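Structure record follows, encoded as structure tokens.
As written, the chain order gives the labels A, B, C and D, with residue 1 at the start of each chain.
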Amino acid sequence: MLLEQIINGITLGSIYAIIALGFTLVFGVLGIINMAHGEIFMVGAFVGVTATGILGWPLWLAFIAAIVVTSILGYLLERFTLRPLRGKKGVSHLAPLISTIGVSILLENLSHHIFGAGNKPFNTSFSQISITIGSITIYLVQIVIFIISILLMIGLTIWLSKTKAGKALRATADNLETASILGVDTKKIIILTVVVASAIGGIAGILVGMAFNSVSPQMGLSMGLKGLAIIILGGMGNVKGAMVGGLILGLSETMLVAYGDSGYRDAIAFIMIIVILLLRPQGIFGSKVSQERR
Amino acid sequence: MRGLNKKLFSILSIIMLLLLAACGGGNTTTDSNSNKSEDGVISAKFGVIAYLTGAGAAYGEAITNGLKLAQKDINALGEVNIELVIEDSAGKADQALNAAQKIMSDDSITAIIGPTLSTEFFAVAPEVDLNGIPIMGTSTTVDGIPEIGDYVFRNAVPESLAIPAAIKKAVERTGAKKVAMIYGNDDALTKGGFDVMERTAKEMGLEITTIETYQEGQSDYNAQLTKIKNTNPDLILASALYNEGAVIMDQARKMGINIPFVGGNGFNSPQAIAIAGDAANGLIVATPYFGDSTDPKITKFNEDYEAEFGKKPDQFAAQAYDALFIYADALKRAGSADKEAFKEALAATKDLEGILGKFSFDEVGDVIMDVTVLEIKDGKFIEFE
Amino acid sequence: MVIEVKNITKNFGGISALKDVSFSINKGEIFGLIGPNGAGKTTMFNMITNIYEPTSGEIIFQGENITGIKPYKITEKGICRTYQNIRLFSQMSTLHNVMVGGHSQSHSGVFSSVFRTKAQRKEEQLLIERSEELLELVGLLEHKDTIAENLAYGQQRRLEIARALASNPSLLLLDEPAAGMNEKETDSLYDLIKTVQSRGITVLIIEHDMPLVMKLCDRITVLNFGEKLAEGTPEEIQNNEAVIEAYLGKEEDEVDA
Amino acid sequence: MLGEILNTYYLQIGSFILINIMLAISVYVPLSSGQLSLGSAGFMGVGAYTSALLTIHFDLPIVIGIIAGALAASALGVIVGIPSLRLSGVYLAIATLGLGEVIRVIFVNWDSLTRGSVGLTGIPQLGREILEFARGVGFEPAMIGIKNNQFVFLSIFLVLLVLVIVILWFVVRQQNSRVGRALSSINLDEKAAESMGINITYYKVISFTQGAFFAGLAGALFAHVIGYISPADFSYHRAVEVLIFTVFGGSEVIIGSVFGAFFLTLMPEVLRFVSEFRYIIYGILLVVLMAVRPQGILDANLLKKIKFKRSKGGIR
């Protein structure tokens, strides 16, 4: 049973981690908490359902569709909700938070109107493939999710530290003004960041749909809040922190269900937020500097 | 700064005065105790509070459709003439209460149907009861609804009727001794259903291996199911709405849990099959309404409904349809639209033939009727043998 | 002696912004702190007001060690400052800015404020009078109801001084008060600082306008790359080889850039 | 005569508007010192459950229940506030969001006390208690020509109106004082405020706690007006809704909260057809407001202009 639960925990944790990566990327560069990230993830899942279920597309095409749609959403998000606030005089640092809450409400309710309130099944033959060892059944999707999360983390780390775009990104994250003086096209970098983060959200959406065979408009909120908890746990803007934080949350939720009271499952993330913020606001892996920034 | 202070209060008082002034309008009520017209037709106005906008709008829509169809059929019979005043509650207790107040401010309203959710009903019914207006729930299945007051009734089959029936039949056939339970603990309907399940299981002397919960919006039930699987139950009692319930069954089957599930009212929907596919096989529910029944009353209702609204009816539509017939019957017996007489007649309802069967009310105003136990087999609901 | 800065060192992540700097200021002095950009002057202000805590060293104010105590307590003890890049409460009126400065000089809390007790009303009246008097001193009385961000640049600088004075400090820290001012404004600033001095307030000033510094200060400390380079009267400083080199070197740098 | 004017439906809506005004103020007050609290729903829930449980189980008078509810919420505000106020804006928002959710999860799970998601029924209703009391001293609603029912809702409405006026009076008085200036200076520039001798932690805790108090008060009143509460009433959505009242109406002036709560509570009642698109409209509203008018509909300038027009050019 323990082994099975650990597998469950790692699967869930990997999904949390992928969602947290999107949060952490945007926060790292823009210093903004994108409250709409969970809903972008949800839209990605719905695109997957629509593509495979209604349009009958193959899975790989559904993946591309989800990435494209969420990327466009990311661009729109940056263009219409974040950019107008940037560098504007008298705009409080809370404005982007409130503005992205607006986007999240909009997307959730739009999905309600378009797709209806209920769960949509996400049936693909791919998600039926499983390996049975003894009494334990592992689905291929679970393995894929874990691998994708690791790949995304490694990919992002390399991209950030080795490539030119990544370096520009980090320069922008350090200081917007200095970066633009140094000749970094900060506008482009910011768009790139939000788009990449959103696309990662879209990938996560499809993976969740496949793994749990359920997609609903409300899933964005609950996953989004978990993602938020993880980046606080792992340190804002920290890629490795997001990964480790995701796994910690996934495993502790699963272990709580296995050995404790499943009713408090959702509370773990929030208790974690509170405890971490009070004891170590920079997160487990964060440095003190990021906390000074508002 | 003092100026601002004063301005603030003056603005506020203007706002409030406007509001009070607004109260003046639109409340010219005529004395309408008895509306027996020349030709002996009794007419009455009923208020309807339904969940018409928001996440659960589908429920409210089914209910109002069922009522409208019943209204048409009843008025066509020519014995009574019913007018419906429909208000939206948006699934929220405070808005449901607003809607109730709006309806009650019209003195010519004889009785109320709704609201849709139990959480709304708990807020509305005490108020309506105190005003001496009869109210009936058609979809509120949680324990303790008719007990709110003398004027409170329901024709929805409560979980306390449906669930024990389903569990008993399931245990009879499978010979189950050990049951595991899972329910949504942040929803009043599923929580209410769970309370009944737990009570029933204890009364029947079943061993409860574990009790698991989930929350709204959750999509991963693997942890709970793994735990359930390891306790080796013979039967799973799942108090879930079909949305979550179907996903739970799907994940359970994938994990290799192949025992039957017993669900409550909220689990009973063809949607469960649409979502979970083959994984839904083995679900056992008790319901007053069996859509695929060959009973001519039901097939006629299904046809009429589909002709009128372009989709298949569900349990909520059928219960609402019968509810208005119960009201019409009480109205006939009361002989007038007087609230007091209507309430007395309503409470005396006995063995009224509706499309779902024979209706009677017990002493507190709860429904007495038979339920059918169904199971999903080969992707279809069939009667459980 | 009003303040004694003893062996202050401050490291930011391995880089020393200040290295073992000491100086002391006598009561009633106008004391200059000069040096090229990045010499650590503003950091020194941040040490004194404890916006950052020093890595080592201590600061003795009127015989009391104030190292590491909360910034607002330091203000209560009688040190108040202005900022290099003006930090007024931009959306507040001029008068209210000064009244906030008088915060530490008043005491009414929530209860007395809401019920407008006699003591509170008296205190409020007194605060307004004192603030208006300070506004008159800096020549802004006629603008008392103007929103601070709508004031002209020079006026904002003077308002910041008035706000700092409202806390009734014994030591006033001015961070480049003449920056961006024209000659006329600088002259009136000179008069203002002298008036402040005549009220018995000690002044510690960071300034790049050398003629003003030389005219104004009784003594000067020069910082360069976080270290104390020289200290003395304006005359001594003007003739100090090391100082000249540091400044000339800086000039060259600027030419290069 | 009075009996014909008073429509319980309008009184009911008026009561909910007043409760929402209190909630909006509970967000406004911390915001006036630069703190965004997303925990208003949680504090509201603590107030509601405390008062409901005390009055149901211990037969305490409603007044005591409501006061206890508000105090319980503010006590929680202090406990959570002191440590979390070291956090800057965004972090505080998330911490309070987390707190609100934890509180809701506790309500859901603490079955023996709260009956879980089924909720608490039979909470004594404020208006009827007043009616009983009035009868006790020999007053009958019929004496002023109104029905019992009308009296019940009129009394609720009046009690709430008085409370809202007292709260507004309190907040406005506080704003125009040393305390208010300190709060506002912290909002505008925390560092500068601190170097002006303002103990920012102290003032932040004060305003945060006041916010918790008002939210708790509103929650307790909500419980006794509606007579039934369940954890669903205090979800994240409620917190966001309350935030929207304040942000939409105008977060810089208190009248903005009043206006926001008034307008947005009334809108779905008056325009039933927008009700379906209500949340979509909310979402767009937030985005557009932040981009175009981050201070909300009403701000000091607009108020000044209105004043200017009224007094026909006379500047005070």
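The rule is simple: a residue touches a chain if its C-beta (ideal position, glycine included) is under 8 Å from a C-beta of that chain, and two chains touch if they have at least 3 such contacts.
Small disclaimer: the values here were computed from a predicted structure and weren't measured.
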item	value
Most centrally placed chain, judged by C-alpha centres	D
Farthest-lying chain, centroid of Cα atoms versus that of chain C	B
Between the pairs A-B and B-D, the one where more C-beta pairs touch	B-D
Chain A and chain B: spacing of chain centres that average the CA atoms, whole Å	38
Centre-to-centre distance between chain D and chain A (centres being mean Cα positions), rounded to whole Å	33
Centre-to-centre distance between chain D and chain C (centres being mean Cα positions), rounded to whole Å	43
Sites on chain C at which at least two other chains make contact	91
Interface hub residues of chain D, defined as touching at least two other chains	108-109, 173
Residue list for chain B, restricted to those that touch at least two other chains	57, 185, 215
List of chain A residues in touch with chain D within their complex	33, 80-81, 84-85, 90-99, 101-110, 113, 221, 225, 228-229, 232, 261, 263-264, 266-267, 269-271, 273-274, 277-278, 281, 291, 294
List of chain D residues in touch with chain C within their complex	170, 173-174, 177-182, 184-185, 188-189, 191-200, 206, 252
Complex contact set, residues of chain C against chain D	49, 51, 70-72, 75-76, 80-81, 83, 87-92, 96, 99-101, 103-104, 106, 108-110, 113-116, 120, 123-124, 127, 163-164, 167
Chain D residues touching chain B - in the complex, by the definition given at the top	4-14, 16-17, 108-109, 116-119, 121-122, 125, 128, 149, 153, 161, 164-165, 168-169, 172-173, 176, 222, 226-233, 254-255, 258, 262, 268-269, 272, 275-276, 278, 303, 307, 316
List of chain B residues in touch with chain A within their complex	55-58, 185, 212-224, 226-227, 230, 242-244, 246-247, 250-251, 254-256, 271, 274-277
